[in-house]
Every structure is written in structure tokens, then in C-alpha cells.
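In order of appearance the chains are A, B and C, and numbering begins at 1 in each one.
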Amino acid sequence: MMNWNLYSRGDKFFAIVVSVLVGMFTAATLYPFIYIAAVSFSSGFAAQAGKVVLTPIDSTLEAYKYILIQPEFWLSYRNTFIYTIGGTIMSLLFIIPGAYALSRPQLYGRRFLNLFVAFTMWFNAGLIPFYLNMRDLNLLDSMFGIIIGFAVNAFNIILLRNFFESIPESFEEAARMDGANDFQVLWKVFIPLSKPAIATITLFCIVARWNGFFWAMVLLSSEEKIPLQVFLRHTISNLSDDDEFAMTQLEAAYSAETVTAAIIVCSIIPVLLVYPWIQKYFEKGILLGGVKE
Amino acid sequence: MQSESRLSKIGYHLRREWQIYVMLLPTIIWFIVFLYKPMYGLQIAFKDYSIFRGVDGSPWIGFEHFEFLFSNDQFIRAFWNTIIISGLNLLFGFPAPIILALLFNEILHATYKKTAQTIVYLPHFISSVIIAGIVITAFSPSVGIVNTVLGWFGIDSIYFLTKPEWFRPIFVGTGIWQEAGFGSIVFLAAIAGVNPSLYESAVVDGANRWQMMWKITIPSILPTILIMLIIRIGNVMEVSFELIILLYQPATYSTADVVNTFVYRQGIQSGQYDFAAAAGLFNAVVAFVLVMIANTLSKRYSRTSLW
Amino acid sequence: MSGVKLSQLVKRYGDLEVVKAIDLEVQPHEFVVLVGPSGCGKSTTLRMIAGLEEISGGEVTIGDRVVNRVAPKDRDVAMVFQNYALYPHLNVADNIAFGLRIRKTPKDQVQKMVAEVAEILGLTPYLDRRPADLSGGQRQRVAMGRAIVRHPLVFLFDEPLSNLDAKLRSQMRAEIKRLHKRLDVTSIYVTHDQVEAMTLADRIVVMNDGAIEQVGTPMELFLNPVNTFVAGFIGSPPMNQIRAEISGSSNAPVAKIGDQLLPLPASADVADRMGADVTVGIRPEHAEVHSLGTSPLNVELELVETLGSEALLHTKLADTPFIIKTETEEHFSTLDQVSAFSVNPHQIKVFDIDTGRVLGQAGA
């Protein structure tokens, strides 16, 4: 955009200050992750003594061993995959056709129906009625309940609807004159034309599902159904109060903190693996939604 | 005659367009079952609810829960905590992404900029459980890096997460750490939309980068800033209570407990559903009014509504 | 082959009538162009024929079938859109074949038909390309290919050339004309460009404000516009229109323009308006500057615009802008000295000053 060689001395000074500030903020963002990783590979003793700053002290994998041999860890990992994949597919099954229908000018009561959807963004009944409703529907402690109960949200529908509305009418009209019905228009024209928007929504769904914690904690009571995040929470909060654990760690090379750090690392890794792929889309995606004329 | 032709018109329309109604139906049913039915269930805020009698069978008791609510110190405290934490978020958390976007805009080195952006966006994708885990570890009195650093200066360990006066700074700071980077995307996009010839003519006029930032970039993105500010104000009642649940403890309730965590404790943990629903309803109504005001303001100042 | 008939066709949006009870009969094989300024209702009319717009009143007949309640896909019409509406995720062959596949045409037949159409349009080398990798003219051809391949009863064109630059536009104009000759399918073509209308049409329909102003062959419209709107719309540059007062005698009427006199063709209509104001219309092409005839009019030359073989002289006649189109050959050096022109009285049109309707013309 601008050429360094054309910068005045003052501008160069300014640019250097800016680079340093950004560097500091970036380092501050990154540091906690490095710190956690360092703790996870340190011995419990070194961690307890507050020696870990940047690199592992008395490197050991004991904390990882402790966590990775627990079958509950793997079970919750599997559950999270089920919730993420199942939930995302379920979401798309509702959102794509719904957003398409809401974007059609020929839909009777379109204004009302759009308001019907959007209203839930501004007003919701809150935790208690939602919880009681799930109970009335017999969806407490149900994996299906988690998948269906959070399948749709107004924001994603509106985001995709806006994208569909921005597709020139003639695409639909041409397909119609060629003999396509609505399902064919959606499947053969709109979905291929909306790949970036659909990728963005898929991404939002995946991230929300992967990170989902609160409702899984509230709604699920069986150990074998809980997702990774709830398992993490249980482990993190139980370790420090657990006498039995306190006994074992006396002889072991791990502590509550190093185990916590190891769990954190284990659950961040999948996020880091898909992150580059995610990043391609979210910058566009976040701008798709938001403000509408 | 008129109505007959109208009827045949509707019949023709449905024969021709039935498919979009089929596509819409599941979504509408979902909204009714999972979002509108709970709204119907909100009436328990005015009832003496019992699980066995159900929503419809429980007797009405008028505003009794609300009277109790407004004389409940814990609720009033939670309400003010919500406002205060949101206010601090607004004061410190709102300018952060704008400043970050302005800084990013001044960086010439493309790879440096891209790398920095990639890193600062990352925390947004990390779950609250992990964020809380990181915070708990970093601020722990024995292993925590914060206390380690304080130790270098001869300061005694502080058990931060049990100290009410430290909860809000830690919570707001964590919010900035997690969201400032991601929040800058919107402002960077606004900056990217500024007509480059404005800068070129400023260069010709002899302006330096600092002046260009203040005289061109900031005024150009002001509408975006305004809209984002209005959205934030509209969402004042929405504090990320998930993270609060993960970080607070009885010792810090006095500064940390917000309406939603209060509702969670009273309702789901203690089973006082009707009373908690009343607190939730109060929260939702205040939030709704704020959002409506925000939208009206946004319409007036920018001619764009938020939906 | 079928014609298209519009009877008392109306389109209303709430209280706003955008197409006002128009009647039109398009003969089988005919190429009819609807032309008019934007917002005149021409596109809406076309879209009602296509079935993309609901009909508020009247009837559309294709062949001998009233199609008001027939879905677009069952009307057996094909349409070429202004923005082509090519699917960016499909290559040329798949774009052309889209409609055939939707209609479940057997595979080998699809291939044969696509190849045939590609041959006609010169698209054979590009069948594997995506629309993004094609030039504007090629995209335009694919859009036509998609229409042709279905062998419809009627072709509809909605401003298909308006996204092309001037040179490609004239090239594609010729190509559409050739195509029509070859396929001989009834075609209805909408444009706001009168040059397109003049060059393509068997008959032109001039529309304005939701109504039809005049229907006729290009030359009919050029030589005998029924009103000042058509006169001002057809021809480039359009007909000069000057306010004048009728004087002289009933069998030798003259128009008084400022203090100059212009002999007019005698007619009863003109004679009736003795002493009244009228609008006098003179085509720029009909103003003769090189060998002045009887009673020339003096003009004030302001600007010479040279186009090559022709030049436009921007002048003022009694303080009203007046454009003269003349040949440059042999006279080029003297163009900047032009100070007068003459015109054959039979080429002068006289219009009512209020209604704009032509005076003294059979059928007007």
C-alpha cells in the first residue's frame, strides 16, 4: 500500500513503534499457550515451586500419561466428535432449506416469518424455561437432545438468508425456465453458488459444538455421555480437592497443575490442526452477517 | 367473485410454490418447540410452579416472585454486577480491537502482519473451559506465572481468584485477551474500504502517517465504530456467564455474580424454578428494551438497521 | 412454430400500474423488439410472457394456449438474461446442458444436442471452460446456447447485449440476426437501445410509461413517427423538435420559427391550426446544407462533431439547439462555414404542441 522508501523519518519512527506494539500484543496473546505447554511437560515439583516461565523444567510426560490412560478422557473425546459432527449436520439440514425459503420473495408472509425467526435474537425465554422445556420433551441426559436442541439459531439462518438474497434473481429464474423446481434450484444452483457462506456457517457450528460446555453440563448427567469440555471441567475442578489424587502425586512426577495443563494441550490440538483451514473462511464469514441494509 | 378469485390465486400459488413451504416447515417447528414454547413457559415467573403440576397446572400468584426478587440483596447485587462488568468491558474491551486494527493497518511487512493476525485471532476459538483452565493455572498461588513474576519483585503470593477485588480486572482482561484480536476484523474490513486515493492525496499534501490515521482512517471508520458501539450497548445484559461460572467461587460472589449466574444457581442448582425464571425474565426484558433502543439509534444515525 | 399474443395485458404493483392494458400480436417466426426508456414496462412485459412475473390482468397466449397460469418451465419459452445467469460452478457444456438434464433428457442425446449448439455458436473449443475463463462475447454466446439447446417455441431476450462494450455489441447484434435467420424461431427482444432495435427487428414496439406508443417496421418508425416521443426516441441523433407558429394560407402553410419562415406540406390538420403553435420535427439527416433549396433557414453554427464519413453540426435555430447530420466527403473543408440549411417540405413532420401527435398523416 505505502512505500517504506517514501516514508519520512517521523513516519519510520512511527512505523517501528507500531510494529513493536503489535509484537508485544501478539506475544502476550501467545504467551499463555506457551506457558501452559511448558507446565504440562514439567515435573509436578518444578511447577509447584513456580519455576516454569517459558520452557519445561525437569521435562517429563507423566502428566500426559496420567490423563491419556483414563478411558473417560477418550470416551468424552469420542462424544465431542459425535456432538460436533452430528450437530453440524443437523444444523445444516435445518438452516440451508430454511434460509432458502425465507429468502424467496414469493413466500407468503415472508416479513412475518423473518421476524418470527429474528425475534429470538432479541428476546429469549432464558435458562430456566429452556431447561424445563427440555425436561418436558424428555431430552434431559440425551445425546439426541444436545444435537437437536441447539441445531438452529437465528443468527446463522439470517446470515445465510442474506447471502441467498444477494444472489442475482436471474440465476433462479433461468433455472426455473429450464424446468428446475425449488429443491433443484437450491441443490444445483444456490448451494454451489453459496459455498463460502455455507463453509462459514459450518465453521461456526463446528466451533460452537466443539466448545459447547454449559448446556452439556446442565443437561447431561451420565458420565458416558459428557463431551470433552465437561470432562475437562470435572477433572480440573476435582483434582485440587481430590485427596486420593493428592496422595498419588506425592510419589508421582505430576501435580494438579501439570495435569490440568496437559488436558488443556490435548484439547487445543484439534483446534490448532483445523485452524489454518478455518482461518480461510472466518474473516469473510464474520462480514457476511452483521449489518444488513 | 373477488374472494373466489383470491382463493383460486392462493391455490395456484400453493400448487406452484409448495416446495418452499416444505423446506421452511422443519425450521418453523424447531423454533416453536425449542424457542417459543419456553416463552410460553415463562409464565411460571408469575406462578407457584411445581414440577408435578406443570406449567399450566400451577396456580397464579401474580408478582410475588418479583417482589421477593427486588428485595433480595443477592439479586440486586447480581444486577449491578452485570451492569458494572459490562461497563468495564465496554470501557476497556471496546476500544481494544479498534486500536489493534489501526495498528495492524500501519504495518507494512505483509508476513509479519499476517502472522500477528493469525495469532491474535486464535483465542476466540478456544472454549471457555480451557480459557478458565489457563487463567486458573496462570493465577494460581503456587505454580502461577503471575505470582512467580511478583515473587521476583519480592511481593508475596496472592490467591487472586479468591479475592473479590481482583475478579473484575481478571475477567475483563481475559475478555480482551480472548476477543480483541477477533474483534479487530470488522474494523480492518472498514479500513480496507477506505478509498485509497484519500491517502494518496494526503501524501501529496505532505501529511505524515500519524496525521493520516487521525484525519482519514478514524473518521472513515467512525460509522462502523458507532454501529459496533450501539450493538455493544444493546448487549449490556449479555455477560459471558459461562466463563464466570467457571471462574467464580463463593468468596468472589460479591463482585462476580451476575444475573445469569444467579439464575443458574437459584434455578438449576437449587431448583427454585419459578423464582429463577422471574429473575431471568427481568433480565430478558431489560435486554430486549436495550436492543430496541440500540436499533432505533442505529437506524437514526446510520440509516442501517441491525437486522 | 407459434406466435405470441398479448391482450389487454396489465401489471400492477399495488396501486401502481406499470403495464397498462397493452395489446400486441407477434407473428410466428417474427423478430419483435420492445424498446423504450428504462421503467417503461418493456422488461415487465417480457417477464410476464416468460412467466417470471404474475399477470395482474389480461391474457398472454403462446401458440393457441393461454399461459397465464402455466409455470415458466411449461411455457416452452427460453430466455437470455441481461447478466447471462451462467452458473459459475459449471463449465460451458454443463451450463448448456443444465436445462436438458433437469428435464431428464437421455445422456447421449444431451451430448449430441450440446455439441450441435456449440458448433452453431462456435463454442466447441471452450466446452470445458468455466464462465469465469470466458470473454464477454463468449459468455453471451453460452447464454444463448442454453436457450437454443432446448428448441423452444419462443426466444425471449432481456437486454442481452447491455453488458458488452460497443464493438462487441455490434458484432453480437449481427450474430443474433444471423442466428434468427438460421433458426427462424419467434423472438421477442427487449432493449433500451434504439440502434439495436433498428438493426434487429422485423417490427419494433416503442413503449413509454407502460403503454405502447407505436408498432411498426424500423423504417416506418423512422420515417413516420406517430408522435414526438417516438420521433425523439428513434434515430440517432433523434429528430430535431422546434416550436413554431403556423401561418401562410391553408394550401401553402408555413411555419414561423423566430422570424424565419419554413414551408410545410399542406394538410387539413395543419390548416385548422392556422395561427396556433405546433412542434415542427426535422430529422438531422434531412437538413441539406450543401446545395440549398428554396427558402433556406439561417442557423448559427456552434460546433462541428466529426464522425468520419459523417459530421454532426451543432447549431442554433432561433435560439433552439438544432443538429444537422451531413456527409463530410468533398465538403469537409467548408463545414465550419455552414450558416443555413434547407429541407424538403415532405420530410417535415408537424406535431400537435399539446398531445404531441403527428398532424396531417394518414392513420395517425
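A few remarks follow.
What we mean here is this: a residue touches a chain if its C-beta (ideal position, glycine included) is under 8 Å from a C-beta of that chain, and two chains touch if they have at least 3 such contacts.
Predicted, not measured: the structure shown is a model, and the values here were computed from it.
In the absence of chain A, the touching network of the other chains comes apart as B | C.
Greatest centre-to-centre distance from chain B is found for C, with centres as Cα means. Chain C has its Cα centroid 57 Å from the Cα centroid of chain A. Note on chain placement: the centre of chain A and the centre of chain B lie 15 Å apart, centres being C-alpha means.
Residue positions of chain C touching 2 or more other chains: 71. For chain A in complex with chain C, the residues that touch the partner chain are 168, 170-171, 173-180, 184, 188-189, 192-193, 195.
Chain contact summary for the complex, chain B toward chain A: residues 13, 17, 19-21, 23-24, 26-28, 30-31, 33-39, 41-42, 44, 54-55, 100, 103-104, 106-109, 112-113, 115-116, 118-123, 125-130, 132-134, 136-138, 140, 142-145, 147-148, 151, 177, 180-182, 185-186, 189, 196, 199, 203, 208-210, 227, 242, 245-246, 260, 263-264, 267-268, 273, 276-277, 280-281, 283-284, 287-288, 291-292, 304-307. Chain contact summary for the complex, chain C toward chain A: residues 50-52, 71-73, 77-79, 81-85, 87-90, 98-99, 102-103, 146, 150.
Interface residues of chain A, counted against chain B in their complex, comprise 1-2, 4, 6-8, 10-11, 14-15, 18-19, 21-23, 25-26, 28-30, 32-33, 35-36, 39, 47-48, 50-53, 93-95, 97-98, 100-102, 104, 106-108, 113, 116-118, 120-133, 136-137, 148-149, 151-152, 157-158, 181-183, 186, 207, 210-214, 218, 229-230, 232-233, 236, 255, 257, 260-261, 263-264, 267-268, 271, 275, 278-279, 282-283, 286-287, 290-293.
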